[in-house]
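This structure is in structure tokens; I'll ask about it shortly.
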């Protein structure tokens, strides 16, 4: 049941899509994107996700808040190479008052290359864990549905 | 006189413009883009320059050629920060049978941030310096005028 | 019982320690090491692990084999900053005929900053999954005990 | 005459040597170190230069000063690849009250790979150009002789 509803969510495409062009700098001597560059693509994904939902992470930081990364997971299925045009699909898979999880799927056309998640905690400028400001939490909640 | 004609060239905008959004990963603890990331923006500039002129650097490599970097210069006038939307302006400032020089100007709106050049030599898969294939040289020559 | 023996293993320090000095380039505008740079420190960890066990990953590639990354996990407990001298502790936590898992713990003095794993598959130059060459598998098996 | 004395200086090795092991992450799909990673090696060079001369750049920043990069030049003569052990040689080639130039030569054994310079201005936390604090300037002056 749970599985079904999750699948459903994915099909409904609550994902936000962002194009990323692979740079020469992203490749390594195997001729493919170095694995540790995909988490940077995840970062682009969540930045653009937030922008499209109506606020920017930059504004969030200007208000004195940060979403620090506390966890990272990635599974690598296929490789990308220089000049490939990828699509980073991003959604919020879990939302709590003090943190959230982003879920990413990176495709080249119909081929899934990498899937991953990042977990974040909301902290203030004093590096103290705090509650996500209510009006942002509301925006994020709406995103999740 | 020389100066005038060069200035003229710039005003005529033989530059190709490419937008680059600054990633969090690009910044350093001074709160600005780390200086060694601008040469990566230069790379984006020349990749898109070539694409817009009618061939891609990827095709160029698939044909067995490479434009290796033999020189790099950059002058830093102003800094950029996270989420800034920059414009990388790229043109060919010098073209020879075996190599060329790209010239870049990176702006945030009207503010010049960084100006630089990269020098390249054409080599083949055996790492031997060779003449740029004629039909590509012709495309590049047309670009320069 | 399982837990005990694992704990035991860790205390016995089957980990190989490698020092890593944080570069300015590694930091981001929060003033700390950007989260996606730790997987690069993991790479240093497993490179030096192999070197200390008697072969280098470079030789491994020269022989026509690669250990591609198929999975990455990291948990972030504390942050590092510019010029910090870190210790990357690396061990093999799982070894199979066609792949293995490395386990990493990154410390600044006694403080655990990041813990993670990378999963790898052995492929040949034709990108086909293959059995790890026996004499290397034997070296790795010895490491694990 | 000038040339001679400069050559002399170089032979006398006022350069500080720092080893750098090439990471897989540093390479690109040409199988060599991506050109824009050498400026990061320059950064390691000047960090260790200062440490060996008796103060660290971290302390310098803690005191409220920064040496921002205003210019970068690099010439590429030979390439390095994964696992190569390089030597970054660093010296101060020019010293003024408000700024300085570092000069770098990167070798693999006897082979010169890359030579370059970085120009820096001293600024304070308000991003205002200032005079390098006297006791540091004195240390740097001694280095130069």
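Per-chain residue numbering starts at 1, and chain names A, B, C and D are given in the order in which the chains are listed.
Basically, a residue touches a chain if its C-beta (ideal position, glycine included) is under 8 Å from a C-beta of that chain, and two chains touch if they have at least 3 such contacts.
Since we're looking at a predicted model, the values are computed, not measured.
Chain centre most remote from that of subunit A: D (centre = mean of CA atoms).
Taking B-C and B-D together, the pair of chains sharing more C-beta contacts is B-D.
If you average the CA atoms of subunit C and of subunit D, the two centres end up 30 Å from each other.
Inter-chain spacing, taken between the CA centroids of subunit B and subunit C, is 37 Å.
Subunit B and subunit D have Cα centroids separated by 25 Å. Along subunit B, residues 24-25, 30, 36, 40, 43, 82 each make contact with two or more other chains. Those residues of subunit C that touch subunit A in the complex are listed here as 30, 35-37, 39-40, 43, 66, 68-76, 116. Those residues of subunit C that touch subunit B in the shared complex are 24-25, 27-32, 34, 36, 81-82. Residue ranges of subunit B in contact with subunit A, taken from their complex: 21, 23-25, 40, 43-44, 47, 56-58, 61, 82-83.
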